[in-house]
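Quick heads-up: structures coming right below.
Shared chain: chain A. Partners: chain B in the first complex, chain C in the second.
Coming up: the complex of A and B.
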């Protein structure tokens, strides 16, 4: 299987909120990288996970599938999943795949944190 | 078989444009266009039953085909690789983002009691993968991603379904009337056809994971769009409509 072209960084911004910086390509091969980052954030006590897509270079349909399965995990543990920094193109993809109906999308990280705290 | 659409709405990076409602602009001869035109696309989050991820794959021996070749051939012959007796009316030009395909299927209905009319849209396509997303009323709500990549032992070619049964009736069919087995058969046959095209009899690997056991009761109302019920009603009523139309025609003559 090809190597994932995705790097993640987990930042805890409050006791309850963690930001996952997504950098590179979100494809099927990024499954483990994304899951490991989510697990790290969750183990650290995060109740809200914000995916920061500021440095997302590319996402295909398998990447969207990963977000769906991540959302299921988040819902199962009564956490919340939000996103920020999506380009207009990927906002359109969220609309096409109807992910926007289940995942809150915000322009900036500050907006997403504010929404998480409200 | 003719084109299922004209000028598909396409955006960059291989994705289709969002569409509020699916539009079928051309119906190939012999196809029944029911339960597709005017329907919304429906993903795994919009379905009713538990969420499943099913991965069917084969490995083509080294030198048989590159991932790009495998996907090109699959796109071009998708209709021919479909289960015999069922019809996938896709575009002649292959499958491009925004294309809509009609499906007329007896296999999808337990017992083959009626011919189901439904459809899918190509939401994503690149050189090594493409994805079909279902329309409202389809037996399952979700998408199927067909992809290929270099793996240990050759070129892996796979179909990965991420789905929930669309409504309580389809969920009943999936659980108790062999719906899941039928789906397995469809994709296993398709992959066998891909392998046969390259002159290979590759064993098919099937991996099934229940991603979410939860039933989304709030989506029970999807049953109003159930393509099986609507196809059944159409089959019942259409002979009378044809008779009435013939009588009116003869009166005018």
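Coming up: the complex of A and C.
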């Protein structure tokens, strides 16, 4: 059986902006890894979370479910959730699910950081 | 214990008192006369073994046929040759040529002679016995070679290649070749005759009966459609010619390779199994073995091999194998193994043989021939047939791939990749291919989770078909239908407001990633069919 893998790396960009590198597969198996990374960034004072999807290999409906859950938390704590680096295919899925309306999507990390600072 | 008594020689001169010298000279020549075989239970044997010395048979009072015959033949004195308490021979003597009685010295001389002759006779007997045994062994070995040759020559050299079906056969003779055989008869109208049989007895006689039966089955199979009628005819032809105490058990089935319909009749052979999902179904039809009695009728039954189904035919060498504790492999074990077999891990035959070798342990000497034949219906084949059946015409769908995966989380990635691989030749636009992959992964996850409840041994069957203007992917699970009639449409606002579960995107994604989605149920399972139109209106971004 293939072992679904997700690695996250939390990078603090400014005092209140953190980038979460999402590397690998965003599926049901990613739940804990994603939550832990988010908690780590938040505990460190991040008010804006940028999900960097440059190295996303695969995301399925369960992964979308995780993003919705994350979005609910972020909204509750009045944080902001942004993304960058989505492939055309996943951009289509974001549009289809209207996630793009709730999560700011940007081409590059720099674009996202700039938007976060504005 | 049987006593073997060998009479060495006897010299008898008939007592003719008062005859002339010339007559005497004529009659006094030593004469060698036949001495009767002595039955092991003749009381004379026990008596001679106990005395182990020269005996005047006039003095004996025994109810012994051998004794009577010796007296009639003119034997007067016998000297038993006894080796290790066993009577191995006799010196039989008629009257002395001098016509005098045997003296005490004569007796002593004879007893000494016997004592010295006995070991030499015993050694000679053992040598002769060993030579005979060696000759017999050589004869048997030669006969086995002939039997092996006959069997080897007559078993199929290659398996028929049938679109949508996989055939496999295994045959391993025991050291003393038994009478197992199998055969495939290619018939008209896409039909295939399948024969598995076992001749009682071993060696050349069994091989010859096997050869005859095979020829009779081939001839009858070509002429008659009904498996029951075929067995009936072969029985009639075999009965007058088969050696007494021999018979043939034989299973004959005719498979319609276009529809999966299987008609079968059985002449006392082990019941075949149809593997369907996790079930092993015995295919029972009654009938007497071939060659036992004339005028037999054979019950005929019918079943259908569905996609993913396999048929196993076998001989008793498998089920009657014993382990070192004397336990038998047996039908219940065989049946359970067939039901539990997951075909992602090799072939059913390999699986059964591995289980058998684990059961018997190392150093097992195979007791009987082992024959295993399997016929499996691939999922793609069945789909094409269902399609042509529902449309009432021959299908123009071209199967690109058919495979199964077990219901293990993460296996949707395998399906995704294999479907993409199968569709590689169609030059789909990158966007369309990515969307198809997502739809395939989601449909597979649903099949594994909601259909098969992630039970590892329940496979998800996948077929990729290319019709004229469509790419079709069919994903089948073994469960009950799980898609509600009016599924909830996921709404992000409702989810963010906690009015809907954050999950529940799968079906929505599938519907939006391909041009058409159809759901069908039949007795082989629950199928989601994904269709991508290859021409005309292309499937764009559904914004």
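In the analysis below, the second predicted complex is superposed on the first by the 114 of 118 C-alpha atoms of A that agree within 3 Å, B and C clash if a C-alpha of one lies under 4 Å from a C-alpha of the other, contacts with A are read in each partner's own complex, and residues count from 1 in each chain.
Quick note on the criterion: contacts are C-beta pairs under 8 Å (C-beta built on N, C-alpha and C of every residue); 3 or more make two chains touch, one makes a residue touch a chain.
Remember, it's a predicted structure, so these values are computed and weren't measured experimentally.
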{"item": "Touched partner set for A:99, first chain B, second chain C, both or neither", "value": "both"}
{"item": "Which of chain B and chain C A:69 touches, first, second, both or neither", "value": "both"}
{"item": "Winner by number of chain A residues touched, once chain B and chain C are compared", "value": "C"}
{"item": "Chain B versus chain C as contact partner of A:88, first or second or both or neither", "value": "second"}
{"item": "Common interface residues of chain A - those touching chain B in one complex and chain C in the other", "value": "1-2, 28, 58, 60-62, 65, 68-69, 71-72, 75, 89, 92-93, 95-99, 101-102"}
{"item": "In the complex with chain A, residue positions of chain C that touch it", "value": "408-414, 431, 434-435, 438, 441-442, 445, 490, 492, 495-496, 498, 501-506, 508-509, 512, 541-543"}
{"item": "Sites on chain A touched by chain B in the complex", "value": "1-2, 28, 58, 60-62, 65, 68-69, 71-72, 75-76, 89, 92-93, 95-99, 101-102"}
{"item": "Chain C contact footprint on chain A (complex, rising order)", "value": "1-4, 27-29, 58, 60-62, 64-66, 68-69, 71-72, 75, 88-89, 92-93, 95-99, 101-102"}
{"item": "Chain A contact footprint on chain B (complex, rising order)", "value": "11-19, 41-46, 51, 53, 123-124, 126, 129, 131, 133, 143, 145, 147, 149-151, 156, 160, 162, 211-212, 214"}
